[in-house]
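Each of the next two complexes has subunit A plus one more chain, namely subunit B in the first and subunit C in the second.
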Partner chain A sequence: MNSLLRRLLSQPWVWSYLGALLVWLAAIVFTHGYGAGGMISAGLALAVFSVITGVAQMFVITLGPGNVDLSLPANIGLASAVAMKVMGGSDSLIALGLGAALVSGIGIGVGNYLLIWLLRIPPIIATLSASFIIQSIGISYGRGLQIKPPPGFAEFTTVQLAGVPLLAIGTVVLTLGFAVLLHRTIYGRSVLAIGQNPRAAWLAGIAVERTRCFTYLLSGALGGICGALLAGYFRGSSLDIGDEYLLASIALVVIGGTSVSGGKANVTGLWGAGLFLVLLLTMLNTFGVSAGIRYVVTGLVIIGVIVAAGGEKAR
Partner chain B sequence: MTSLAGASTLRAVVAEVNTPRRILRAILPALSLALVVAGIAWFNPRAISYFGINLMLNLGIPVVLATIAQMFVITVNELDLSIGNFVSFVGCVAAIWLRENPVLGVVILIGCIGLYALMGAVIYLRNVPSIVVTLGMLFVWQGLAVLVLPRPGGKAPAWLHDIMNLRTPYVPFPIVAAVVIAAVVHFGIMQSSYGAILRGSGGNPNAIGRAGWSLLRTKVVMFLLAGIFGVLSGLSLIGLTTSADANIGKGYTLLSIAGVILGGGEFVGGRVSPIGAVIGALTLTLAGTLLNFMRISPDWQVGAEGAILIIVLAARALINRAGPGVLSHK
Partner chain C sequence: MDEHSANIVDLTHIEKTFGAVRALAGVDLMVSRGECVGLVGHNGAGKSTLMNILAGTLAADAGEISIGGKPQKHYSVAQAHKLGVRCVFQELSLCPNLTVAENARVLHPSIAGWGWRKQAGRLIREKLDAIFPDHGISTDSMVGDLPIGKRQMIEVARAFTVTKESVRLVILDEPTSSLDSHRAGQLLAHVRRAITDGGACVLISHLLGEILEYTDRIVVMRDGKVVAADRAAAFSRDRLVTTMGATAAGRTGRADAGTVARGSTPVRVRAQPVRQSDGFELVAHQGEIVGLAGLAGHGQTDLLLTIFKAAARRTAGVKISDPVALIAGDRQSDGIFPLWSIAENIGIRSIKNLRRGRLISPDLETRFAESWRDKIKILTPDLRNNILSLSGGNQQKALFARALGSEARIVLMDDPMRGVDIGTKLEVYELIRSEARAGRTFLWYTTEMEELQNCDHVYVFRNGRIVADLRRDELSEEKVIQSSFEEAIHS
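Here is the complex of A and B:
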């Protein structure tokens, strides 16, 4: 029993769940238990979006130093506009709209990888330049109009089963799939191997470039899906709908116990970190603090977690 | 003996082959600036005048300063994602306190610079990625800016406004300022002996460490310099806009990274160029004006910045490919 506990505590993801539990308890102590369940279902619903982007960012970051997808917010903004425009408010076109958002996301992934591969530039610069261009495409495509989602799609993104958002259940299943992809497939193992030592991975015969390419496509695709879902959840697309998800995705990866220097990933921790961050904001809201304090506390928590965890010794 | 001579001949040959490529790379930033200026002159010759340049370039000064701040951080292989929000915060402090309570304002700004130095120390001592720490600081600066200035307002101190609206004889003030900034930083970091150590600590930290220099100190010095130039950027921005809002410098994070890269800076390895960074920042500032004159919709403004970045990087990749290209993992 004792050794089991010790093994549990040595898992990096445990802390994010403990943190989530603590802030939730602090919030319900403050409200004397009022709204305890509501906080969790609202937390689950909001955590869904950061978890989806967190998965995308986790795969990219695991590829090793310098790998990060800075184009996620622009991607999400464009995909939300594409999805809503294609759906055009009609229930019969939901699948087509989702498909279009997926294609837009994958297209962005292809663009990112081509820049990295053709120009031999660090991914962080490639995705940064790409995000400038995607933003402009989004502005000129969206033309500032806010298209409402079809009623069926809006309903789908907010419906709850016994207090648990359907979207959260779906995303849990999705993340389980990604855990299998990461730990049990050749692709996932390749990502981890490249993150640990790209040269060794290459010498071992791993298709380094193909794995990198697929990872950026995956990140793009997840960004696209997230954009469509966000537009449904918030009842309309907007170009800055994804702005907060660059920071959220990186924060989730860090707090969730994934190594920022690559080669070590943790899917379980993403949910803990996502819930932790959402519930932290809920707690601060119930305390009635101002937006400024909320930002400062969020920032200090992110710094505190990374400083406490410390980095690995330089290789 | 012969093998030694052979090696030195080989080195000489390699150096010779490398020289034109190095020159090409070095003039690339100036070339892109010249192209943008030529474009502006073509579409609107009247813009190339004392007043025209003043108008087009004065908002370039804060961008130049923020780019130099980012360059210091990039020199030691780190990245500052918080610089834009830091500039906003400095702007808010300047517009609120620097006018009514200068002592408090100055104390806060010095404290901010101290926080930057502390950030460098924490990043080095805990060996944590700067991208995450500065990401956290981004939230902190943003929160503090909102607390200081919940809604747009404030007023720049008169002296700041006067400095930024200086009328220099013959040459417009923004150009004078850019040249002075480039010269000061160039001599400080490219010509001085400690500057070489600072760059070396990005290029080969192990060697610098073994030679007895403190890597903690180089990291702290670079972040301290970044903090100082971030403060200067915020002050100059408020001197121009005369009032502040909590998001006034938000776009500077990406602009500053783009400016450093555009100016020929490498992402890792301590290879940076202050003169190039200043030119890069000015190019990005002028690109928007050029698009305006070309009657291209402002929708494509950011897109054009991205496109310029990609074109310059592509040109650089082409130049590099002429020689022995090495894939990172091979």
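Here is the complex of A and C:
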């Protein structure tokens, strides 16, 4: 029992769940227990989006130093517009719209990878400059109009089963799949190997460029899906709908126990970190803190986690 | 400090354990002024651990350290440096993103102010000139861009540089493992010069010839203990090997000659170095062990990498018939995945075959690693331990297991025996020979004559080109050295 506890505590993701629990307790103590369940339900619904972007960012960051996808917010914004325009408010076109969002995301992934591979631009610059291009495309494509989702799709993104959002259940299943992809497939092993030492990975016979390419495609695809879902959840697309998910995705990766220097990733921790961040904001809201303070606290939490994780390594 | 104390180092009853592994079980070591002590033993005997403690990078669990006759209570790297203890470790410790001069400065905080780069550059250049004449290293080069042999030369030269603190003891842990015999000789001659000036040296090497020829006293370690310590003159190669407890004492590792007549089996590799203009090419047949000889860094590794690349993409001048695996000699930068377990490090090259359905099976992976642990004798209590828990030689064995366990019919070896002890070497030679008999083809770059003795055919490289093509019965050390230094005439 004791050794089980010790093994549990040695897992890097435990702390994110403990943090989420602590923040939730603090919030319900403040409200004297009022809205305890609702807070979790709303937390799960909101965490879905940061978890999806977190998975995308996790695979990219695990590729090793310098790898990060900064184009996620622009990708999400464009995909939300593409999805809503293709659906055109009609329930019969939902699948087509989702497909279009996916294609838009994958296209952005391809663009990112081509910039990195053909022009040998560092990923951080490539994805940043790509996001400016995507934004301009989004502006000329959507003309800044907010298009409403079909009623069926809006319903789908908010429906609950026994108080648990359907979308959250679906995303849990999805993340389980990504955990298997990371730990039990050749692709996942390749990502982890490249993140530790790309040269050694190449010499061990790993298809380095193919793995890198697929990872940026995967990140793009997840961004596209996330954009479509967000447009449904918030009842309309907009180009800045994904803005907060750049910081959120990176924060989730870090707080969830994935190594920022690559080669070591953790899917389980993304949910803990996602809930933690969402509940932290909920708690600060119930305390009636201003938006400025909320950003400061979020920033401090991320810095704190990185310092704590770094301290562990130095030991 | 008592400058007249005869003993520079006195280690008494040093103990150290790593988890379940007892690396040092009460070791005594004494080094006196003007002495070069040779330290030998198998991989995992505790040599490197002992030297890490002497250098201050590891703290001993028990025992006393006394330097220059003064007992050290709080011994650390900084303290060691202040007392003039310098070390050159097996795992090279230069910063790859800094230039040669900047790396020299790292060790000498007293170099400061305007023109520090120039000062540091001069300091290291003078040492390099003194130890390795015609080294051809620019002090402005980025260390990461240099081949491992040059990095080792810089590392050695840096250990001998002096600004404020004088150097009293230099620890050389496998200093010649990445150097060819010419450079190794220059280094060892320098060590002899340095100790006549009142310094001292501890030399760790698996090349017993070096130890017997250049040291005054030899200390033999086995299983974390000192099992013998005597004047070098009192040892012979055979006595050393027996004391170390080698499994195959007295054998030189030379194979029976003429097992396969060249040309009777199909050609597996045909490769021409990029700079070869005379149509000369390297040819390897099925079941052959082909040696790539010559001085370090004369294009052998480049050709191996070209062949490796040709396995994935068609390359001009190279023809190969089968899958290829490579065993890196520079295991830190080319081989090891430091965050993974031993089992994961061994399995990665064969991961396709360790699946059930489409998913990797940890069970198959462990069993695969276990079979190779037994076959190649990797010393570890648990294959799930991190790869870095292994000693350097055992890490190298894991890399051998990775390549030999794969489906590759052609195995490229980039000077893979660096830092591997003689017992292990003999085991690995045997393994390579039996794999070759079973039809595998080996391309083996090495700077050691003893390893070339295992080859069926040897190509000597010079300035990126093949300059000699020697059959086994033509092979001799003189021929290799001669071709390495002057343009060979081949018909």
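One rule holds for everything that comes next: the second predicted complex is superposed on the first by the 310 of 315 C-alpha atoms of A that agree within 3 Å, B and C clash if a C-alpha of one lies under 4 Å from a C-alpha of the other, contacts with A are read in each partner's own complex, and residues count from 1 in each chain.
The rule is short, and it goes like this: a residue touches a chain if its C-beta (ideal position, glycine included) is under 8 Å from a C-beta of that chain, and two chains touch if they have at least 3 such contacts.
Small disclaimer: the values here were computed from a predicted structure and weren't measured.
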| item | value |
| --- | --- |
| Contacts of A:33 with subunit B and subunit C, given as first, second, both or neither | neither |
| Touched partner set for A:199, first subunit B, second subunit C, both or neither | both |
| First, second, both or neither for A:189, with subunit B first and subunit C second | second |
| Dominant toucher of subunit A (residue count), subunit B or subunit C | B |
| Touched partner set for A:288, first subunit B, second subunit C, both or neither | neither |
| First, second, both or neither for A:263, with subunit B first and subunit C second | second |
| Which of subunit B and subunit C A:180 touches, first, second, both or neither | second |
| Overlapping contact positions on subunit A, where the subunit C interface meets the subunit B interface | 199, 201 |
| Residues of subunit C touching subunit A in the complex | 308, 325-326, 328, 333-340, 344, 348-349, 351-352, 355, 358-360, 402, 406 |
| Touching residues (chain side subunit A, partner subunit C) in the complex | 180, 183-186, 189, 192-193, 196-197, 199-201, 203-206, 259, 263-264 |
| Touching residues on subunit A, where the partner in the complex is subunit B | 66, 68, 115, 118-122, 124-125, 128-133, 135-137, 139-140, 194, 198-199, 201-202, 208, 247, 250-251, 254, 260-261, 290-303, 306-307, 309-314 |
| Subunit B residues touching subunit A - in the complex, by the definition given at the top | 79, 122, 126-129, 131-133, 135-147, 150, 254, 257-258, 261, 267-268, 297, 299-307, 309-310, 313-314, 316-317, 320, 325, 327-330 |
